[in-house]
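Next, two complexes with chain A in common: one pairs it with chain B, the other with chain C.
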Partner chain A sequence: MTPGPMTPGMTAAQPRPATGSRRAGLAGLGVIVLGWEALGHLLGGTFLLAPPSAVVGYLVENHALMGRALAATLTNALAGFVLGNLAAIALAALALIWPAAQRVVTGVALVIFCLPLVATGPILRVLMGPGDGPQIVLAALAVYYTTLIPLLVGLRAAPSSWFDLVRSYGRGRLAALVHVRMRAALPYLFAGLQIAAPAAILGAMVGEFTGAERGIGVLTVRAMRGLDVEMTWAIATLATGVAVMAYLGIGLLARRVLTDAPPMILAPPAEPRGRSAGLAAALLGAVSVLAVVVLLWGGGLALFGVNPFFAKGPEDVLAALFWQPDAAQTRATLGEALVETGVLLIPGYLAGLIAGAGLAIAFTLLPRLAITAMPLAIALRSVPIVTTAPLIVLMLGRGAVGTVALVAVMVFFPTLVACLHGLRQTPGQVTDVFDSYAAGPLQRLVRLQIPAMLPAFFAAARMAVPAAVLAVTVVEWLATGIGIGTLMALSASVSDHDMLWSAVALVAALSALGYAAVGAVEARVLHIYAPEQSR
Partner chain B sequence: MTHRPMMSRRSLLAAGGATLGLAGFGLGTGRALAQTQVALQLSWLHSAQFAGSYIAQDRGFWAEGGLEVALLQGGPNAPVEPPVVAGTALIGISAADYTAAAVEQGAPFRILGVAMQKNPFVIASLPDTPVTTPAELVGKKIGMALANTPVLQALCTLNGVDINAIEIVPTQYSPQPLLTGEVDCLLCWETDLPVAMTIEGLSPVTMLMADHGYAVHSQTYIATTDSLANRRAELVALMRGEVRGWEAYRENTDAAAELTLRMFPDAGLSLETQRLQAARQVPLMFSDLTDANGFGWWTDETVAANIETLALLGRKVTPDLWDRSILDEVHGA
Partner chain C sequence: MVPDPAAPPGVVCTGLAKTWAGGLVAVRPTDLVLKPGQTTAFVGPSGCGKSTLLRMIAGLEQPSAGHVLIDGKPPAETLRKAGLSVAFQDPSLLPWRSVRGNIELALSLARRPVNRASVDQLIALVGLQGFAEARPAELSGGMRQRAAIARALATEPQLLLLDEPFGAVDELTRQQLAQDLPRIWEARGTTTVLVTHSVTEAVMLSDRVIVFSPRPAEVIADIAIDLARPRSAQDARQPRFAALVEDVFAALTRGAALRDAALAAQ
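So, the complex of A and B:
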């Protein structure tokens, strides 16, 4: 689980579009809207899709209601965004001050990030009571990890000569932090913030499902139940619009702030470390993470004095899974649900990765395509999955296709953005060499650009594991009614809290393991293609 | 109909309380009167489903009893039973099957009152291929949450229908599969999807499962044994407000729907839908039994029928899950 090279250029490296390309982008958007309008009329009477004209009509007519709901959701999303990112900064600072703790800090942070929102929602509601607490916490939980990881990389992303310079002036670590590390980390921080904005909105909406008084999440439920297609699509459009604006706004801010080109970092080859020593360190790290998680979990419940009817500690989960008379039954139920989920999750995850990387390559070969398709890609990723999951499943069917497609969408966009950045990182000098040998674009792609893209691709692939789990559990819960997502919602509703907490623990553990597994593949591949990255 | 004279007396009281209540409503907390603050945990999003409680709030029925009641909204992912166990809510709106499940897991609950005498589960179909008896389910495709399979199983057992002859299509939260012909019928609530379909200009046919032996008390008031022992006065005051609120509701369901929209402007409700929903739940909540004994009532017979249906759902309960001492006090007063 190496904290991989994240991609500061997710924000900074996007070139400002020229007027011509902006026009092309608008044209692309126009085509999309027209197609949507036509499809909306084609599907009239099926209660599936409202055309944009109807959506606009609804929004105009109900602007007061929508405005209040949006304000409520955005307030919580913003609070969560701020708190989550502050937590990320604090954790990064802790890891910087105390480097030995970094593995444990990131490991525990990962496990917490992998907690399934579907189940943490009601748990938070019981802990925090009525009010905005769960919405804010879920928004914060949805964002902090995607900021923490790039930030950790960024705080070290400075040439060693800069640190030498600080030292040569006789200044210490604090000066290095202020003058070197913080500035070096800024592009990485912005990259994290940009991804965090739509995630915070989604987190706040899921939080509203636990009994909030108002917000667009509350209205989503109302619209779905009430067969109000116009309202459903109006909410989806509104939420997407706001999320896209937040994404673009942070990107714009980043371009204003980050005017310097990123420095060239030349890293000496890492000391070859014995295989067994590496394995031992990894094992020790995993055990420490587990110990801290168990301590936080059990200690937290004891500290807050949560009622044992609802709150199950590590020992309760172990008992439910292994010692209680019905443990075998519990394990079988969980296993069955996990298999149902896995057979949809894994193809969707892989499809999303392939689509993201494939499209990034296509964009590199055909830059005009990128200008038209990028707005759609951003929109697709920003649509809060809770509003679209039921719609997409209705359209693509309750079979495998709908779920696989939704998971793929969640995975696809971060992969695309990361890969685009990776492709741009191709060192210019090497490109010159290829040019001087008159290498074709394809040859350059295969031998040069794709290997250069790999670190970013793997970083995205790791982060996509929890995102895919979130997507699949939400789809199961809201639309298909199978798998571990439904099992968690159902267990909560029939007070089977042993099952609920067991499912939460298992999902979080499996997600974290999946993340680690991708990290292991990454290490092997990068060892061959990008040895300077596989430290 | 022994209840009628009392109703008119209550309506008079209600009219007096309305001015009081209006003065209090909107100001929320911080009033000079020493009110005890309690919470009522609702089982779903705000809607006419709980309009009796809104009337109690609006007209000050609770304030008269010295209570300031917070109405905690439910939702698709909202815990209902845990806040009652934790003491966040004094009373929760549950249902006999969910209550039984919680009791099995160690929750010390008692059912204090039954708002929905008849379970609101229906089989909804379209007039072309209507389902009006359980036997007609044979060979049909039914859309429902898989979680509700035990409910369908119980209906089948009660009516001698082979569940294997019905094709279950998993659906969630939407009447859309019925409208596009993907399924022939839906398992849903009488007051939920069928109302939405009617508003959209369709005329769904509904078969109430309660009319075919499915006896599970719904929208039940639950509290812990600890509250029953130590907070009786508050429980009585809360339930008294509920009873008065729901009696007022019955007198004018349109007004109840309007109040719902007025109190919860952010809920995204439509008046038309709320009016229809409010009217449709009256036959589920009021019966000869409640006319004779008062809102929320049950008898040993209805409890026995519940225990039988709950057993089919895999829940073992005993009659002492139902505790009438609070209702006795409310209706005896």
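So, the complex of A and C:
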């Protein structure tokens, strides 16, 4: 042991991507670009696909327009990013100071996160006028939940002996917050911020779809209407590139600031110690969440004195659904639209999950392929898939296949990354036990690696529920003309506000319930396969 | 008589007991008087409740019955003055702080001025010179324990509570640490409580060994260790040392038998 300053190579706790895997990732990217170029020339004249050379040509030619639009979008995305993450930090602080409120805080936060952006967009447009307001709010809405959840985990992630240490010097909760919790939560905060960066761009773009004056979302709508293939591909490439760069940039910052890597998986926050987790507690939590949501909704409208013609409160929605003369008609219309959406959403969601987990498993059997795929998948996870919706519509048409494919792709990348990560978590000593019995790779996979992967898989499946709902409603609204997304868009444009608010309430409630249902399955799985995570 | 604030305190436990929320009895009512400046070892089988007893003395755990007095005052008062230090079984170093940073954290938590030179001196004293700026992840297990001891000593506590401080390292490193580190607090005349399940370590380091039964903890034997100080590794080969170790082992065996008899009677 030679005394002296440590070399960076000795920081064992910091797994940096090896240059080998980075090179492999670049090689993979190169192959994709070349394939894309070849396909573009092959399909030339079919109005489907513009090759990279044409995309670059378009971007160079229209750099002034693109630059202005991008600057407008990024400004709004940044404002939403800051506001949304500040809101997340404030909510996490509330749950920390008042642990009994955590269940209600996360529940209400989830319901608000599940509000369909394609409907909140037009509503905000009516309320806030033609400026930047809706884009900023949608960007904030798109980011705050994925920061709140890891932050709640992170603030409780420190071992109890660190808190004993603080107490042994006669100091209280404030010192523990400053010296232990805040720093221990930092990797988790960065995990949230990293996911938030592309999501903010997505939120701002969806806001621009709803009738903004400037931004790449506005140009996307224009390109789609004009069937301008080059422009559509150019904008999608630009949005993707910027989102990936924002994601990688925050990752880079995290590696400079942190001593250990941010967590890859958004695990569910544990209930604060001493809370019962029984059925009665869950039921009470659900009722409290509902009460707070209704209070915020009705109270918010009254407080801001919004015009009751287009702002409907909880009692208006109940009336529209149950005791107005045309309630039966409203229910039938909503039911029909929900079924249209569901038959595309559920297969797409399941296909994305199966493809993500399946590919991850295939990679473990072919480890050489995984070295190339992992960095690429991590980068592609950050792509706001919704911004590529126009491309999928171009290529697969406005029918069922396009919608299912978009939802599946939206679910696929986060699932793949989480599962690859989960498969790596297999404890080495147990692997040695299997080796000592000369178990084959298939045995090891089935009995060891897949069970070890399950917690990550379910964490991804849970977070994918709102993402899938977002994808399906956006593609219905932009392209296919069916389902609940279209119903919301139509109701907004013909000022049928009873229908619009009913649809919003229903979609938010159903996605929150879907999230909770996957979360319940996850809790059971964690209880069996990772009891240390389900305390 | 007003006690000298710089002098090491005595600790008095009266009827001290702990029952966990589920009804599990961890510590039976215990009376103990620890003399100022002495090192007392708590020895007992794993999970017997000796660490709980230590945590109650440290004021980290509320007793279910009885009370602790440190220099005639409850532990909360000693904590407020940052008059004691605890070294935990797991070194509990904050991973984002260097060795120096961890020691300085203890000083600032204790609201003491941070003197760079004296921190350096302390780091050298525990044998970590050259590693002041290293983070815990860059250190071996033994080096982390050294850093944790340095942190515990930084505030110059009059009462030092050590919860298996050499527990998480291999036997050779453990012997080395037990050789190097206790000299520091012995020289300061600190009142020390050491929880351990190594009998030789207890005999080597203490003035007195208290043997506990399996859970719930109950004092089985109170053995004075009248070996001259300073002690060295060679002393472990003396017949007197061997006899004391034998006494402690005999008490531990008696405790286990007592518990078995109680179980058989049920």
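Please note the rule applied: the second predicted complex is superposed on the first by the 455 of 535 C-alpha atoms of A that agree within 3 Å, B and C clash if a C-alpha of one lies under 4 Å from a C-alpha of the other, contacts with A are read in each partner's own complex, and residues count from 1 in each chain.
Here is the rule we use: contacts are C-beta pairs under 8 Å (C-beta built on N, C-alpha and C of every residue); 3 or more make two chains touch, one makes a residue touch a chain.
Bear in mind that the values here come from a model prediction, so they are computed numbers and not experimental data.
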Partner chain in contact with A:180 - chain B first, chain C second, else both or neither: second
Contacts of A:255 with chain B and chain C, given as first, second, both or neither: neither
Touching partner for A:156 - first (chain B), second (chain C), both, neither: neither
Touching partner for A:331 - first (chain B), second (chain C), both, neither: neither
Superposed model, chain A: greater residue contact from chain B or chain C: B
A:168 touches, of chain B and chain C: first, second, both or neither? second
Which superposed partner A:225 touches (first chain B, second chain C, both, neither): first
Of all residues in chain A, those that touch chain C in their complex: 2-6, 10-13, 159, 161-162, 164-171, 175, 179-180, 183, 258-260
Chain C - residues contacting chain A, complex: 55, 58-60, 76, 78-82, 84-86, 88, 90, 92, 94-96, 105-106, 109-110, 129-131, 133-135, 137-138, 155
Residue numbers on chain B that touch chain A, as the complex places them: 39, 45-46, 70, 72-83, 85-86, 88, 98, 101-102, 104-107, 145-147, 169-177, 179-180, 192-193, 196-197, 199-200, 265-270, 273
Parts of chain A lying in touch with chain B, wherever the complex brings them together: 46-48, 65, 68-69, 72, 118, 121-122, 125-126, 129-130, 206, 208-214, 218-219, 221-228, 231, 306-307, 309-310, 390, 394, 398, 477-482, 486, 489-490, 492-498
